[in-house]
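Worksheet: one structure, shown below.
Letters A, B, C and D mark the chains as written, and numbering starts fresh at 1 in each.
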Amino acid sequence: MSNSRFEERAKKYFGLEVTDRDRAIFEGAITLGAIYHQFVGTPVSRDAGVVSDLERAIEKTMALQPYIESVKVKIDTSDIGEGTHPYDYSEVSGRNLSVELVSRYGKARVHMGMKFVAELDFPLMFIERIEEED
Amino acid sequence: MSNSRFEERAKKYFGLEVTDRDRAIFEGAITLGAIYHQFVGTPVSRDAGVVSDLERAIEKTMALQPYIESVKVKIDTSDIGEGTHPYDYSEVSGRNLSVELVSRYGKARVHMGMKFVAELDFPLMFIERIEEED
Amino acid sequence: MSNSRFEERAKKYFGLEVTDRDRAIFEGAITLGAIYHQFVGTPVSRDAGVVSDLERAIEKTMALQPYIESVKVKIDTSDIGEGTHPYDYSEVSGRNLSVELVSRYGKARVHMGMKFVAELDFPLMFIERIEEED
Amino acid sequence: MSNSRFEERAKKYFGLEVTDRDRAIFEGAITLGAIYHQFVGTPVSRDAGVVSDLERAIEKTMALQPYIESVKVKIDTSDIGEGTHPYDYSEVSGRNLSVELVSRYGKARVHMGMKFVAELDFPLMFIERIEEED
(Lines give C-alpha, C1' and ligand atoms only; values in the text may rest on other atoms or scores of the structure.)
Protein backbone atom coordinates (compact mmCIF):
# COMPACT_ATOMS: atom_id res chain seq x y z
CA MET A 1 0.00 0.00 0.00
CA SER A 2 1.41 3.39 -0.88
CA ASN A 3 2.10 5.99 1.77
CA SER A 4 -0.75 8.25 0.70
CA ARG A 5 -3.27 5.39 0.40
CA PHE A 6 -2.33 4.23 3.87
CA GLU A 7 -2.53 7.66 5.47
CA GLU A 8 -5.91 8.24 3.79
CA ARG A 9 -7.23 5.13 5.51
CA ALA A 10 -5.67 6.02 8.86
CA LYS A 11 -7.11 9.54 8.73
CA LYS A 12 -10.68 8.23 8.88
CA TYR A 13 -10.07 7.34 12.51
CA PHE A 14 -9.22 10.94 13.42
CA GLY A 15 -11.78 13.67 14.10
CA LEU A 16 -12.26 16.15 11.24
CA GLU A 17 -11.18 19.02 13.50
CA VAL A 18 -7.68 17.54 13.91
CA THR A 19 -5.12 19.84 12.25
CA ASP A 20 -1.58 19.14 11.07
CA ARG A 21 -0.34 20.88 14.21
CA ASP A 22 -2.51 18.69 16.46
CA ARG A 23 -1.33 15.58 14.68
CA ALA A 24 2.37 16.45 14.80
CA ILE A 25 2.11 17.06 18.56
CA PHE A 26 0.17 13.81 18.98
CA GLU A 27 2.64 11.62 17.11
CA GLY A 28 5.69 13.13 18.79
CA ALA A 29 4.24 12.85 22.29
CA ILE A 30 3.34 9.18 21.77
CA THR A 31 6.99 8.53 21.01
CA LEU A 32 8.21 10.45 24.08
CA GLY A 33 5.97 8.34 26.31
CA ALA A 34 7.03 5.21 24.43
CA ILE A 35 10.76 5.87 24.90
CA TYR A 36 10.44 6.35 28.63
CA HIS A 37 8.27 3.31 29.31
CA GLN A 38 10.10 1.02 26.88
CA PHE A 39 13.63 1.65 28.09
CA VAL A 40 13.44 2.63 31.79
CA GLY A 41 15.01 -0.26 33.69
CA THR A 42 17.58 -1.17 31.02
CA PRO A 43 20.98 -1.86 32.65
CA VAL A 44 23.70 0.73 32.01
CA SER A 45 27.26 1.23 33.21
CA ARG A 46 29.86 3.99 32.99
CA ASP A 47 31.35 2.18 29.99
CA ALA A 48 31.06 4.77 27.22
CA GLY A 49 30.71 2.07 24.55
CA VAL A 50 27.73 0.43 26.22
CA VAL A 51 25.96 3.74 26.78
CA SER A 52 26.49 5.13 23.31
CA ASP A 53 25.35 1.86 21.73
CA LEU A 54 22.16 2.02 23.75
CA GLU A 55 21.61 5.70 22.92
CA ARG A 56 21.99 4.98 19.18
CA ALA A 57 19.68 1.95 19.37
CA ILE A 58 16.95 3.97 21.11
CA GLU A 59 17.30 6.78 18.57
CA LYS A 60 17.15 4.50 15.55
CA THR A 61 14.33 2.26 16.72
CA MET A 62 12.12 5.06 18.01
CA ALA A 63 12.62 7.10 14.86
CA LEU A 64 10.69 4.32 13.10
CA GLN A 65 7.48 5.49 14.78
CA PRO A 66 5.11 7.36 12.47
CA TYR A 67 5.93 10.99 11.61
CA ILE A 68 9.10 11.19 13.72
CA GLU A 69 11.75 13.22 11.93
CA SER A 70 14.60 12.88 14.43
CA VAL A 71 15.37 11.60 17.91
CA LYS A 72 18.40 12.42 20.06
CA VAL A 73 18.94 10.49 23.30
CA LYS A 74 21.44 11.14 26.10
CA ILE A 75 21.92 8.93 29.15
CA ASP A 76 23.93 10.60 31.89
CA THR A 77 26.14 8.01 33.57
CA SER A 78 28.11 10.32 35.84
CA ASP A 79 26.37 9.00 38.97
CA ILE A 80 27.05 5.33 38.18
CA GLY A 81 29.75 3.35 40.03
CA GLU A 82 33.02 2.18 38.51
CA GLY A 83 31.86 -1.39 37.99
CA THR A 84 34.18 -2.90 40.61
CA HIS A 85 31.81 -5.73 41.54
CA PRO A 86 28.98 -7.66 39.82
CA TYR A 87 26.20 -5.45 41.22
CA ASP A 88 27.96 -2.15 40.50
CA TYR A 89 25.91 -0.91 37.57
CA SER A 90 22.74 1.11 37.21
CA GLU A 91 19.78 1.45 34.86
CA VAL A 92 18.03 3.92 32.59
CA SER A 93 15.74 6.11 34.70
CA GLY A 94 13.92 9.41 34.67
CA ARG A 95 16.94 10.94 36.43
CA ASN A 96 19.51 10.13 33.77
CA LEU A 97 17.54 10.05 30.51
CA SER A 98 17.08 13.05 28.26
CA VAL A 99 15.49 13.15 24.81
CA GLU A 100 15.13 15.71 22.02
CA LEU A 101 12.63 14.82 19.32
CA VAL A 102 11.22 16.43 16.18
CA SER A 103 7.91 15.27 14.73
CA ARG A 104 6.45 16.43 11.45
CA TYR A 105 3.01 16.04 9.93
CA GLY A 106 1.98 17.97 6.82
CA LYS A 107 2.73 21.62 7.38
CA ALA A 108 3.63 21.36 11.08
CA ARG A 109 6.93 20.51 12.72
CA VAL A 110 7.19 20.22 16.51
CA HIS A 111 10.32 20.23 18.66
CA MET A 112 9.82 18.50 21.97
CA GLY A 113 11.85 16.79 24.64
CA MET A 114 12.23 15.36 28.08
CA LYS A 115 14.77 15.90 30.83
CA PHE A 116 14.97 15.62 34.57
CA VAL A 117 14.12 18.99 36.10
CA ALA A 118 15.60 19.34 39.59
CA GLU A 119 13.30 22.16 40.76
CA LEU A 120 10.31 19.94 39.99
CA ASP A 121 12.02 16.67 41.02
CA PHE A 122 10.41 15.22 37.90
CA PRO A 123 11.41 13.93 34.45
CA LEU A 124 9.47 16.60 32.57
CA MET A 125 8.27 16.18 28.99
CA PHE A 126 7.75 19.49 27.20
CA ILE A 127 7.04 21.15 23.82
CA GLU A 128 9.86 23.49 22.97
CA ARG A 129 8.71 24.97 19.70
CA ILE A 130 5.99 24.60 17.06
CA GLU A 131 6.67 25.57 13.44
CA GLU A 132 3.87 25.90 10.89
CA GLU A 133 4.37 26.56 7.20
CA ASP A 134 1.90 28.85 5.49
CA MET B 1 4.20 22.94 46.49
CA SER B 2 0.68 23.90 45.42
CA ASN B 3 -0.74 22.80 42.11
CA SER B 4 -0.63 26.28 40.58
CA ARG B 5 2.91 27.01 41.83
CA PHE B 6 4.08 23.76 40.36
CA GLU B 7 2.40 24.24 37.00
CA GLU B 8 3.79 27.80 36.81
CA ARG B 9 7.29 26.35 37.12
CA ALA B 10 6.66 23.56 34.63
CA LYS B 11 5.23 26.01 32.10
CA LYS B 12 8.57 27.80 31.74
CA TYR B 13 9.84 24.75 29.86
CA PHE B 14 7.13 25.02 27.20
CA GLY B 15 7.22 27.39 24.23
CA LEU B 16 5.04 30.49 24.60
CA GLU B 17 3.05 29.48 21.51
CA VAL B 18 1.80 26.29 23.19
CA THR B 19 -1.98 26.52 23.71
CA ASP B 20 -4.26 24.59 26.06
CA ARG B 21 -5.32 22.48 23.09
CA ASP B 22 -1.70 21.66 22.20
CA ARG B 23 -0.95 20.77 25.77
CA ALA B 24 -3.99 18.55 26.27
CA ILE B 25 -3.08 16.60 23.11
CA PHE B 26 0.54 16.36 24.25
CA GLU B 27 -0.24 15.01 27.72
CA GLY B 28 -2.80 12.51 26.50
CA ALA B 29 -0.58 11.17 23.72
CA ILE B 30 2.34 10.66 26.12
CA THR B 31 0.08 8.43 28.17
CA LEU B 32 -1.11 6.43 25.14
CA GLY B 33 2.51 5.71 24.20
CA ALA B 34 3.31 4.93 27.82
CA ILE B 35 0.48 2.40 28.20
CA TYR B 36 1.51 0.46 25.11
CA HIS B 37 5.23 0.30 25.87
CA GLN B 38 4.80 -0.31 29.60
CA PHE B 39 2.34 -3.19 29.40
CA VAL B 40 2.93 -4.99 26.09
CA GLY B 41 4.39 -8.38 27.01
CA THR B 42 2.45 -8.80 30.28
CA PRO B 43 1.11 -12.37 30.56
CA VAL B 44 -2.67 -12.78 30.23
CA SER B 45 -5.05 -15.73 30.12
CA ARG B 46 -8.74 -16.23 29.34
CA ASP B 47 -9.43 -16.06 33.08
CA ALA B 48 -11.81 -13.11 33.36
CA GLY B 49 -10.57 -12.28 36.86
CA VAL B 50 -6.94 -11.98 35.78
CA VAL B 51 -7.79 -9.83 32.78
CA SER B 52 -10.14 -7.45 34.55
CA ASP B 53 -7.66 -6.99 37.40
CA LEU B 54 -4.98 -6.05 34.88
CA GLU B 55 -7.35 -3.71 33.00
CA ARG B 56 -8.24 -1.91 36.24
CA ALA B 57 -4.58 -1.67 37.31
CA ILE B 58 -3.57 -0.14 33.97
CA GLU B 59 -6.47 2.34 34.15
CA LYS B 60 -5.75 3.44 37.70
CA THR B 61 -1.97 3.71 37.41
CA MET B 62 -1.97 5.48 34.05
CA ALA B 63 -4.66 7.94 35.19
CA LEU B 64 -2.00 9.24 37.62
CA GLN B 65 -0.10 10.80 34.71
CA PRO B 66 -0.45 14.59 34.46
CA TYR B 67 -3.72 16.01 33.06
CA ILE B 68 -5.35 12.64 32.38
CA GLU B 69 -9.03 12.78 33.18
CA SER B 70 -9.98 9.17 32.47
CA VAL B 71 -8.58 5.94 31.02
CA LYS B 72 -10.55 2.90 29.88
CA VAL B 73 -8.63 -0.26 28.92
CA LYS B 74 -9.92 -3.44 27.26
CA ILE B 75 -7.84 -6.55 26.61
CA ASP B 76 -9.49 -8.96 24.19
CA THR B 77 -8.73 -12.51 25.28
CA SER B 78 -10.94 -14.36 22.80
CA ASP B 79 -7.92 -15.67 20.86
CA ILE B 80 -6.18 -17.08 23.93
CA GLY B 81 -6.10 -20.83 24.66
CA GLU B 82 -8.00 -22.53 27.47
CA GLY B 83 -4.97 -22.83 29.74
CA THR B 84 -4.73 -26.62 29.50
CA HIS B 85 -0.94 -26.72 29.88
CA PRO B 86 1.74 -24.52 31.46
CA TYR B 87 2.55 -22.67 28.23
CA ASP B 88 -1.07 -22.10 27.21
CA TYR B 89 -1.40 -18.39 27.91
CA SER B 90 -0.72 -15.23 25.95
CA GLU B 91 0.37 -11.65 26.55
CA VAL B 92 -0.80 -8.07 26.10
CA SER B 93 -0.08 -6.99 22.52
CA GLY B 94 -1.08 -4.45 19.92
CA ARG B 95 -3.60 -6.98 18.61
CA ASN B 96 -5.62 -7.36 21.80
CA LEU B 97 -5.21 -4.02 23.59
CA SER B 98 -7.60 -1.11 23.20
CA VAL B 99 -7.63 2.14 25.12
CA GLU B 100 -9.95 5.15 25.42
CA LEU B 101 -8.47 8.17 27.16
CA VAL B 102 -9.55 11.71 27.97
CA SER B 103 -6.98 14.40 28.74
CA ARG B 104 -7.76 17.90 29.92
CA TYR B 105 -5.63 21.02 30.23
CA GLY B 106 -7.16 24.41 30.94
CA LYS B 107 -9.95 25.00 28.45
CA ALA B 108 -9.28 21.98 26.24
CA ARG B 109 -10.44 18.39 26.59
CA VAL B 110 -9.28 15.73 24.14
CA HIS B 111 -10.75 12.28 23.53
CA MET B 112 -8.24 9.85 22.08
CA GLY B 113 -7.66 6.14 21.86
CA MET B 114 -5.91 3.17 20.41
CA LYS B 115 -7.17 -0.04 18.86
CA PHE B 116 -6.00 -2.67 16.42
CA VAL B 117 -7.21 -1.71 12.92
CA ALA B 118 -7.41 -4.75 10.65
CA GLU B 119 -7.38 -2.83 7.34
CA LEU B 120 -4.10 -1.21 8.40
CA ASP B 121 -2.77 -4.30 10.23
CA PHE B 122 -1.64 -1.84 12.88
CA PRO B 123 -2.49 -0.85 16.49
CA LEU B 124 -3.53 2.68 15.56
CA MET B 125 -3.53 5.56 18.03
CA PHE B 126 -5.94 8.35 17.08
CA ILE B 127 -7.58 11.61 18.25
CA GLU B 128 -11.33 11.17 18.25
CA ARG B 129 -12.53 14.58 19.33
CA ILE B 130 -11.23 17.90 20.64
CA GLU B 131 -13.43 20.10 22.82
CA GLU B 132 -12.55 23.69 23.62
CA GLU B 133 -14.45 25.96 26.00
CA ASP B 134 -14.82 29.58 25.07
CA MET C 1 -2.55 -30.63 23.58
CA SER C 2 -2.51 -32.18 27.06
CA ASN C 3 -0.18 -30.91 29.74
CA SER C 4 2.05 -33.99 29.65
CA ARG C 5 2.22 -34.11 25.85
CA PHE C 6 3.22 -30.48 25.81
CA GLU C 7 5.87 -30.81 28.50
CA GLU C 8 7.28 -33.87 26.74
CA ARG C 9 7.82 -31.75 23.64
CA ALA C 10 9.27 -28.82 25.57
CA LYS C 11 11.69 -31.10 27.42
CA LYS C 12 13.52 -32.01 24.22
CA TYR C 13 14.98 -28.49 24.18
CA PHE C 14 16.59 -28.95 27.60
CA GLY C 15 19.89 -30.75 28.24
CA LEU C 16 19.53 -34.26 29.63
CA GLU C 17 21.49 -33.28 32.73
CA VAL C 18 18.83 -30.74 33.76
CA THR C 19 17.17 -31.89 37.01
CA ASP C 20 13.82 -30.94 38.55
CA ARG C 21 15.74 -28.68 40.93
CA ASP C 22 17.55 -26.94 38.07
CA ARG C 23 14.30 -26.46 36.21
CA ALA C 24 12.35 -25.09 39.18
CA ILE C 25 15.13 -22.53 39.80
CA PHE C 26 15.19 -21.65 36.10
CA GLU C 27 11.46 -21.08 35.75
CA GLY C 28 11.18 -19.06 38.95
CA ALA C 29 14.16 -16.84 38.12
CA ILE C 30 12.79 -16.06 34.65
CA THR C 31 9.66 -14.74 36.33
CA LEU C 32 11.62 -12.61 38.83
CA GLY C 33 13.50 -10.97 35.98
CA ALA C 34 10.26 -10.60 34.04
CA ILE C 35 8.42 -8.86 36.89
CA TYR C 36 11.15 -6.29 37.37
CA HIS C 37 11.62 -5.42 33.71
CA GLN C 38 7.91 -5.51 32.84
CA PHE C 39 6.65 -3.26 35.61
CA VAL C 40 9.48 -0.88 36.56
CA GLY C 41 8.35 2.57 35.41
CA THR C 42 4.61 2.02 36.08
CA PRO C 43 3.12 5.11 37.76
CA VAL C 44 2.09 4.70 41.42
CA SER C 45 0.76 7.02 44.09
CA ARG C 46 0.14 6.81 47.84
CA ASP C 47 -3.46 5.89 47.10
CA ALA C 48 -3.82 2.47 48.72
CA GLY C 49 -6.44 1.40 46.18
CA VAL C 50 -4.21 2.10 43.19
CA VAL C 51 -1.25 0.31 44.73
CA SER C 52 -3.09 -2.78 45.88
CA ASP C 53 -4.80 -3.12 42.47
CA LEU C 54 -1.41 -3.02 40.80
CA GLU C 55 0.08 -5.50 43.27
CA ARG C 56 -2.77 -7.96 42.64
CA ALA C 57 -2.52 -7.53 38.86
CA ILE C 58 1.22 -8.25 38.90
CA GLU C 59 0.68 -11.30 41.11
CA LYS C 60 -2.10 -12.75 38.98
CA THR C 61 -0.55 -12.13 35.58
CA MET C 62 2.94 -13.31 36.52
CA ALA C 63 1.57 -16.45 38.18
CA LEU C 64 0.50 -17.48 34.66
CA GLN C 65 4.13 -18.10 33.73
CA PRO C 66 5.10 -21.78 33.55
CA TYR C 67 5.64 -23.65 36.84
CA ILE C 68 4.97 -20.67 39.11
CA GLU C 69 3.05 -21.77 42.20
CA SER C 70 2.59 -18.39 43.87
CA VAL C 71 3.67 -14.76 43.63
CA LYS C 72 3.38 -12.09 46.33
CA VAL C 73 4.17 -8.47 45.42
CA LYS C 74 4.57 -5.44 47.70
CA ILE C 75 5.15 -1.89 46.50
CA ASP C 76 6.28 0.45 49.27
CA THR C 77 4.71 3.85 48.75
CA SER C 78 5.85 5.51 51.97
CA ASP C 79 8.32 7.76 50.12
CA ILE C 80 5.76 9.04 47.60
CA GLY C 81 4.27 12.55 47.86
CA GLU C 82 0.69 13.31 48.85
CA GLY C 83 -0.48 13.93 45.28
CA THR C 84 -1.05 17.65 45.75
CA HIS C 85 -0.19 18.55 42.15
CA PRO C 86 -0.26 16.79 38.75
CA TYR C 87 3.40 15.71 38.90
CA ASP C 88 3.28 14.49 42.50
CA TYR C 89 3.37 10.75 41.96
CA SER C 90 6.11 8.16 41.57
CA GLU C 91 6.73 4.87 39.79
CA VAL C 92 7.56 1.24 40.47
CA SER C 93 11.34 0.92 40.94
CA GLY C 94 13.98 -1.34 42.41
CA ARG C 95 13.78 0.73 45.61
CA ASN C 96 10.11 0.15 46.35
CA LEU C 97 9.34 -3.26 44.80
CA SER C 98 9.58 -6.52 46.69
CA VAL C 99 8.53 -9.96 45.50
CA GLU C 100 8.17 -13.43 47.05
CA LEU C 101 7.74 -16.26 44.60
CA VAL C 102 7.44 -20.06 44.73
CA SER C 103 8.19 -22.18 41.66
CA ARG C 104 7.63 -25.92 41.41
CA TYR C 105 8.76 -28.46 38.86
CA GLY C 106 8.36 -32.20 39.47
CA LYS C 107 9.86 -32.99 42.84
CA ALA C 108 11.43 -29.59 43.49
CA ARG C 109 9.92 -26.46 44.99
CA VAL C 110 11.96 -23.25 45.25
CA HIS C 111 11.25 -20.18 47.35
CA MET C 112 12.86 -17.05 45.95
CA GLY C 113 12.42 -13.30 46.09
CA MET C 114 13.65 -9.83 45.47
CA LYS C 115 13.93 -6.76 47.70
CA PHE C 116 15.98 -3.62 47.91
CA VAL C 117 18.99 -4.27 50.17
CA ALA C 118 20.32 -1.03 51.65
CA GLU C 119 23.81 -2.37 52.53
CA LEU C 120 24.28 -3.34 48.88
CA ASP C 121 22.34 -0.35 47.48
CA PHE C 122 20.83 -2.88 45.07
CA PRO C 123 17.48 -4.58 44.38
CA LEU C 124 18.77 -8.07 45.13
CA MET C 125 17.15 -11.23 43.76
CA PHE C 126 17.87 -14.30 45.91
CA ILE C 127 16.98 -17.98 46.47
CA GLU C 128 15.67 -18.41 49.99
CA ARG C 129 15.06 -22.13 50.17
CA ILE C 130 15.03 -25.24 47.96
CA GLU C 131 12.79 -28.20 48.85
CA GLU C 132 13.18 -31.58 47.18
CA GLU C 133 10.88 -34.56 47.72
CA ASP C 134 12.47 -37.99 47.85
CA MET D 1 33.58 -2.25 48.02
CA SER D 2 35.64 -5.07 46.53
CA ASN D 3 34.04 -7.83 44.50
CA SER D 4 34.60 -10.48 47.19
CA ARG D 5 33.37 -8.24 50.03
CA PHE D 6 30.25 -7.48 48.07
CA GLU D 7 29.49 -11.07 47.14
CA GLU D 8 30.05 -12.12 50.77
CA ARG D 9 27.33 -9.69 51.82
CA ALA D 10 24.97 -10.73 49.03
CA LYS D 11 25.42 -14.40 49.86
CA LYS D 12 23.82 -13.98 53.29
CA TYR D 13 20.49 -13.56 51.53
CA PHE D 14 20.72 -16.97 49.85
CA GLY D 15 19.89 -20.27 51.52
CA LEU D 16 22.92 -22.32 52.63
CA GLU D 17 21.86 -25.18 50.36
CA VAL D 18 22.28 -23.04 47.22
CA THR D 19 25.15 -24.41 45.12
CA ASP D 20 27.23 -22.76 42.40
CA ARG D 21 25.14 -24.65 39.85
CA ASP D 22 21.89 -23.37 41.36
CA ARG D 23 23.21 -19.85 41.41
CA ALA D 24 24.50 -19.85 37.84
CA ILE D 25 21.10 -21.08 36.62
CA PHE D 26 19.34 -18.47 38.75
CA GLU D 27 21.38 -15.52 37.51
CA GLY D 28 21.18 -16.54 33.86
CA ALA D 29 17.43 -17.14 33.96
CA ILE D 30 16.78 -13.73 35.55
CA THR D 31 18.51 -12.17 32.57
CA LEU D 32 16.53 -14.21 30.03
CA GLY D 33 13.27 -13.03 31.62
CA ALA D 34 14.64 -9.50 31.81
CA ILE D 35 15.57 -9.36 28.11
CA TYR D 36 12.15 -10.47 26.98
CA HIS D 37 10.13 -8.16 29.20
CA GLN D 38 12.44 -5.15 28.77
CA PHE D 39 12.63 -5.15 24.97
CA VAL D 40 9.41 -6.71 23.66
CA GLY D 41 7.50 -3.87 21.98
CA THR D 42 10.59 -2.00 20.73
CA PRO D 43 10.05 -0.83 17.12
CA VAL D 44 12.12 -2.61 14.45
CA SER D 45 12.28 -2.47 10.67
CA ARG D 46 13.96 -4.48 7.94
CA ASP D 47 16.79 -1.95 7.95
CA ALA D 48 19.83 -4.07 8.82
CA GLY D 49 21.54 -1.15 10.53
CA VAL D 50 18.67 -0.50 12.91
CA VAL D 51 18.33 -4.16 13.81
CA SER D 52 22.01 -4.86 14.38
CA ASP D 53 22.36 -1.73 16.51
CA LEU D 54 19.49 -2.91 18.68
CA GLU D 55 20.90 -6.45 18.90
CA ARG D 56 24.28 -5.08 20.04
CA ALA D 57 22.68 -2.72 22.56
CA ILE D 58 20.65 -5.55 24.11
CA GLU D 59 23.73 -7.77 24.27
CA LYS D 60 25.95 -5.14 25.88
CA THR D 61 23.45 -3.81 28.40
CA MET D 62 22.16 -7.20 29.51
CA ALA D 63 25.70 -8.57 29.87
CA LEU D 64 26.05 -6.05 32.72
CA GLN D 65 23.73 -8.15 34.88
CA PRO D 66 25.49 -10.14 37.61
CA TYR D 67 27.38 -13.30 36.57
CA ILE D 68 26.52 -13.11 32.88
CA GLU D 69 29.47 -14.19 30.78
CA SER D 70 28.03 -13.60 27.32
CA VAL D 71 24.79 -12.72 25.54
CA LYS D 72 23.99 -13.17 21.85
CA VAL D 73 20.76 -11.70 20.47
CA LYS D 74 19.14 -12.19 17.07
CA ILE D 75 16.01 -10.43 15.85
CA ASP D 76 14.52 -12.02 12.74
CA THR D 77 13.11 -9.29 10.52
CA SER D 78 12.21 -11.42 7.51
CA ASP D 79 8.47 -11.02 8.18
CA ILE D 80 8.60 -7.24 8.41
CA GLY D 81 7.32 -5.02 5.58
CA GLU D 82 9.52 -2.92 3.32
CA GLY D 83 8.81 0.34 5.13
CA THR D 84 6.84 1.89 2.28
CA HIS D 85 4.55 3.92 4.56
CA PRO D 86 4.78 5.42 8.07
CA TYR D 87 3.07 2.44 9.76
CA ASP D 88 5.07 -0.22 7.89
CA TYR D 89 7.36 -1.42 10.66
CA SER D 90 7.12 -4.02 13.38
CA GLU D 91 8.38 -4.62 16.91
CA VAL D 92 10.45 -7.04 18.95
CA SER D 93 8.25 -9.99 19.96
CA GLY D 94 8.45 -13.57 21.11
CA ARG D 95 8.14 -14.62 17.46
CA ASN D 96 11.23 -12.86 16.19
CA LEU D 97 13.58 -12.72 19.20
CA SER D 98 16.18 -15.35 19.96
CA VAL D 99 18.84 -15.27 22.66
CA GLU D 100 21.86 -17.37 23.61
CA LEU D 101 23.32 -16.67 27.03
CA VAL D 102 26.12 -18.04 29.21
CA SER D 103 26.10 -17.46 32.97
CA ARG D 104 28.91 -18.39 35.32
CA TYR D 105 29.10 -18.57 39.10
CA GLY D 106 32.05 -20.15 40.87
CA LYS D 107 32.58 -23.60 39.41
CA ALA D 108 29.44 -23.71 37.29
CA ARG D 109 28.81 -22.39 33.79
CA VAL D 110 25.35 -22.66 32.20
CA HIS D 111 24.40 -22.30 28.54
CA MET D 112 20.80 -21.26 28.07
CA GLY D 113 18.63 -19.58 25.49
CA MET D 114 15.28 -18.64 24.14
CA LYS D 115 13.69 -19.01 20.70
CA PHE D 116 10.26 -19.28 19.19
CA VAL D 117 9.33 -22.96 18.90
CA ALA D 118 6.70 -23.52 16.22
CA GLU D 119 5.50 -26.93 17.46
CA LEU D 120 4.73 -25.32 20.84
CA ASP D 121 3.62 -21.98 19.39
CA PHE D 122 5.63 -20.45 22.25
CA PRO D 123 8.85 -18.44 22.78
CA LEU D 124 10.53 -21.16 24.83
CA MET D 125 13.33 -20.48 27.30
CA PHE D 126 15.56 -23.50 27.91
CA ILE D 127 18.80 -24.72 29.54
CA GLU D 128 21.03 -26.20 26.90
CA ARG D 129 24.00 -27.38 28.91
CA ILE D 130 25.44 -27.22 32.42
CA GLU D 131 29.20 -27.45 32.98
CA GLU D 132 30.71 -28.00 36.40
CA GLU D 133 34.42 -27.98 37.20
CA ASP D 134 35.66 -30.46 39.76
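By definition in this document, contacts are C-beta pairs under 8 Å (C-beta built on N, C-alpha and C of every residue); 3 or more make two chains touch, one makes a residue touch a chain.
All figures in this text were calculated on a predicted structure; none of them were measured in a lab.
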| item | value |
| --- | --- |
| Which of B-C and A-C has more C-beta contact pairs | B-C |
| Chain located farthest away, centre of chain A as origin (C-alpha) | C |
| Centre-to-centre distance between chain B and chain A (centres being mean Cα positions), rounded to whole Å | 17 |
| Averaged-CA centre spacing for the pair chain C and chain A, given as whole angstrom | 29 |
| Distance between the centres, which are taken as Cα means, of chain C and chain B, whole angstrom | 25 |
| For chain D, residues contacting two or more additional chains | 6, 10, 36-38, 41, 87, 120, 124 |
| Of chain C, residues touching chain A in the complex | 36-37, 40-41, 87, 91, 93-94, 120, 122, 124 |
| Residue ranges of chain A in contact with chain B within the complex | 6, 9-10, 13-15, 17-18, 21-23, 25-38, 112, 117, 119-120, 124-130 |
| Chain A-facing residues of chain D, complex | 1-3, 5-7, 10, 38-39, 41-45, 49-50, 53-54, 56-58, 60-62, 64-67, 84-89 |
